[in-house]
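Letters A, B, C and D mark the chains as written, and numbering starts fresh at 1 in each.
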Amino acid sequence: MQKVMIERAAELLSSGKVNRVLGWRAGLFAHDNTPSVFTDAADLQANFVYNEFCGANLSKYLVKESDKEGTVAVFLKPCDTYSFNQLIAEHKIKRDNVYAIGVQCNGMKDVNDREKLEERCASCKSRKHVAYDELIGESGEILDSNRFDMVEKLENMTSEERFEFWRGELSRCVRCNACRNVCPACTCEKCIFDNPDSGSANKAPADPFEENLFHIIRAFHVAGRCTDCGECSRVCPENIPLHLLNRKFIKDINELYGEYQAGETVNERGPLVNYTQGDAEPSVVYERGNS
Amino acid sequence: MQRIGVFVCHCGSNIAATVDVKAVAEAAKHESGVVFSADYQYMCSESGQDLIKDMIKEHKLTGIVVCSCSPRMHENTFCKAAAAGGLNPYMVEIANIREQCSWIHKDMPSATAKAIVLVRSAIAKVTLNAPLTAGTSPVTKRALVIGGGIAGIQTALDIADAGFEVDIVEKEPTIGGKMAQIDKTFPTLDCAACILTPKMVEAAQNDKIRIFSYSEVSAVKGFVGNFTVTIKRKARYVKEDLCTGCGLCTEKCPQKKVPNEFNLGLDNRRAIYIPFAQAIPKIATIDPDYCTMLKSGKCGVCSKVCSAGAIDYQAKDEFIDVNYGAIVAATGFNPIKVDKYDEFAYAQSPDVVTSLEYERLMNAAGPTGGTLLRPSDRTHPHTIVFVQCVGSRESEDSTKCGKSYCSKICCMYTAKHAMLTREKYPDTDVYVFYIDVRTPGKSFDEFYRRAVEQYGVHYIKGMVGKVTPEGGKLKVQASDLIAGKQLHIDADMVVLAAAIEPDKTARPLATLLTASMDTNDFFTEAHPKLRPVESPTAGVFLSGACQGPKDIPETVAQAGAAASKVIGLLAKDHLVCNPCVANANEMLCSGCSQCEKVCPYGAITYSYKEFRMPDRTTKLRLVASVNAAVCQGCGACTVTCPSGAMDLKGFSNKQIMAEVDAICK
Amino acid sequence: MQMNDNTFRPKIVAFCCNWCSYAGADLAGTNRLNYPADVKIIRVPCSCRVNPTFVLRAFGRGADGVIICGCHPGDCHYTSGNYYARRRMTLLFSMLDYLGIERERTRVEWVSAAEGAKFAQTMNSFVETVTKLGKNKRLEDLRCKK
Amino acid sequence: MSENNICREDILRISGVDTRKCMRCGKCSATCPAYDEMEYHPHQFVNMVENGDIEALVESPSLFKCLSCFACIDRCPRQVEPAKLVEAVRSACIRRQGHNHLSADAIPAILDPDIPQQALVSAFRKYSE
């Protein structure tokens, strides 16, 4: 796989079809591969890597890269292609400047427990590439995923238990902003939390409530646009299961407004910028489950 | 630093009896930024307003808070007073301590405490107010009427009468619409053509009115007062300025087998045609689907016989852009297709007709020259069965193409048909099967009773269940609910009162106009009772059956009403805009286009703009901008924007959060 | 309603749309329909103007309950605002519930300009519910007591 | 369901019909091929159920004159489905005639390999409580 990808990338560079290749660069250790731009074949040969530690979703890097001169080739795993589509829909990626190569993915390994698949890969929602110019390896199918199991488990807890659970998780937050910075849906020019004029500027939480506030708002801002790529949880240095917040919104949206997968196509109206006259009333929140 | 003045009104005892106004004024004094605070008997009185004006000058106030009744009551009064005192009228906030405090709380301490919180919250908000100026936008003094039926013609005539220019866009080769196809009109039974054609001629001769026939609206840009509409002038292959309407070509054209839509396919026309004798404009049109010259390049007869040289086989669709200040939708209606109702055998027998087809069969200019003949064998029918409510008043989940509403006009035109038939041919038996006879209208019920009492039409409460064509007859099986019998009638003709539905072009047009529609594709009015001829989209008005089923008098009345609204708009040189509108901060906008999707008015547009970057390079970025003349200030976009780039003037994020903070303190 | 330091009085923030619910609140006043003074109304043009941040801000600053009132679905002055608000608030409240914040502290109610009685009744029942829940303990625990 | 009294709610529940949707147009009776055989006609049937006048229906021979051709269901503009009411009254009536006309134990004896499974199930549903 890696060999074929390097060959193809070198070929694209030499033919002049692209002038840069966005891929993964081998790190000091086997598991710390990082996103990187390659411009020549030698560099590719020496440092390009594609193995089970290439979790980074490269689509967000295209926001900057596709804005530059010339065409950039990019390798996209199936889940990355959803983010790719979503970013195109939001005019963040200039599609004409990108040559997208879909690459087969069999799941990424968890850097903390290198024998195990990452949680997001163990509950993979789709092996299908929804956008690409060419494909290396095979594109799979949309899978029946059990990704909402944990959300459901939380929903079935009592309100107190849930509170304790989240207190335990969110109190570890150090507000490093990694989750926000890596998120392909977080592409604001300036985040409201960084903007003193927004009225909600909040660089570091003054109290635990503001910790919650940051995470609720972050999840709300990407609700309906989040493709559930799972990058937020991957990069969290405190291993907070942030994807459980995003998935809660996704699950609610699916249940209340019909199945929706952000990024599946480019020209869709997201569930939060859409409505039907017969939508569920907010009281549905009180009616289901026990408190 | 703001200098804020607080005025606490007693409202006689309305407020002062339950709220300690002195304590409120005193508490306000200690709020940051407040330089003046006082209570007064009646703030809305002349002297109360003078107090505001004087204090603004005396204390150089930059903002004021009036603690009084609901802003819905006197906000305007105090804004005007502030303006008179030299302050921007948008630097005024009202703390509602009457409706939302003194009137609902009985206990003085708690009411006073609440009033103080409300004042604090208003002070917190006004501190962040910014002076706003209501912008203006110019008005293009020309109106567009889409649809050239009686609704469109009447609207255009009324607008032109007031001295404004108006264009009619009609998709057919002639104006006239459905009314031109009708024989007689109820309840007076005067002939439709006799009252319609003079109006058509008047429209054609009025120098303020331009008629774009055989044309469609293909794009709409802009906003109230400033629309730019792209009109597609379909190629008619005849030069409009040369054709004299002599009609020779329509007689010589060898292609004779084209179903005549004006007669609903009951007879044929040629490939080059003028829809009917009184057509306006009276210009021939070539039907490209049937013309052999256009299809295979062989023929050219019309070109040879045309002495004016008007035929142009090379013609292409043309697109023209015109500016308008107001747009009127008058797209009208159509009867629904009734083929799906197998039980009525419409598709099986030519003698089962819809009411509009019957109208043509009765019309002197129709396919039978006004003699009522069965379409199948052209014999005179002796027994005619009318069926009411075909496709109207069906349940919402109807599997057929039925409509849940009452089509409103069928009861009356069926009474008319029955009456005219009996009058012309007293030897016919006429049965009308009805569920209810609905005749609310001036002289309507009298008309229906006349059909029964003078003309001997058999009105039977019940419904037709089945029509079977058999041996040249139509066997009608029906129920008579009052006699408690099932009837079997051998009829010669069956006439179906098909439900009416909005024209199919209305839905795409609504999208172009960003006007809203109901589930039946009728245009929605801005308010069902108080603004019945305006659409919720500013500058778009509604005329005729595109808004709901209507008969001719109602249509004409509504057309006049729509025209008067248009005239009211065009009479202004400038429109004053609501200054409390959304505003995009281009530096923060990331161009994600989410806000554009929630805007109900299409006020948000995206464009690439150049930005200077900190490193002195320039960058092209897609950013949103709000058209202040179109934005109504709902704020839907502000919440959609994750960056907070979109904010609402007068209700900004910071202002509302300041209020929240003041209340929760 | 006796102001008594020993009894708990909740802080309630009510966001009301200008066209229906704020007018409904005015009507409740005109008809002298009582509801507790704990409710403080903030006027917004439309329920769709209510940003989730405002709701969280209120809780962050010590509110015990937040209620959002708008025109009935289909009656929005701006045609579609409350439809968007309905989706947003449903999701937000569901999320707050998911994080373990009592779901009864949040509510959306549609109140038309003619429903003064409904407005008063809604506020009475909401205040009662929130009072029963007591102080916003879970959030209180989170907030630094300044 | 009580022994001797079939109430309106039972019929509505069994049939799943909402009689209030009826706008009294009479198209069901107009379309009914067995109209002349019946004492009570389809539109009356709907009306009688709506008024709780079930006993008269049960007593009337009309009940079993309906051909179940479903023309009334097909043609009803309000989707009231009168034939379903007939069917519901019929099964209520049959059930009332005695407990379990058919018991599970009795089935093996009368089992015929040609009886379709569906017929068995529906008979079982119809003839037992």
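What to note about this one:
Everything that follows uses one rule, which is that contacts are C-beta pairs under 8 Å (C-beta built on N, C-alpha and C of every residue); 3 or more make two chains touch, one makes a residue touch a chain.
Since the model is a prediction, treat every value here as computed from it, not as a measurement.
Of the two chain pairs examined here, B-D and A-C, the one linked by more C-beta pairs in contact is A-C. Chain B and chain D have centres, each the mean of its CA atoms, that are 48 Å apart. Taking each chain's centre as the mean of its C-alpha atoms, chain A lies 58 Å from chain D. Chain B and chain C have CA centres that are 36 Å apart.
Each of residues 192, 199-200, 272-274 in chain A touches at least two other chains. The set of chain D residues touching two or more other chains is empty.
Of all residues in chain C, those that touch two or more other chains are 52-53, 57, 80, 84, 88.
By the definition given earlier, chain contacts exist for A-B, A-C, B-C, B-D. Put simply, chain B touches chain A in their complex at residues 587-594, 597-598, 606, 619, 622, 640, 642-645, 653-654, 657. Remark: chain B residues 343, 389, 393-395, 397-398, 402, 435, 461-466, 477-479, 481, 484, 486 touch chain D in the complex.
Residues 21, 23-32, 35-36, 41, 43, 71, 75, 77-79 of chain D are the ones touching chain B in the complex. Those residues of chain A lying in contact with chain B across their complex are 67, 90-92, 187-192, 195, 197-200, 221-222, 225, 269-270, 272-274.
Here chain A touches chain C in the complex through residues 151, 154-155, 159-167, 192, 199-200, 206-213, 216-217, 219-220, 223, 245, 248-249, 252-253, 256-257, 271-277, 279-286, 291, going by the rule given at the top.
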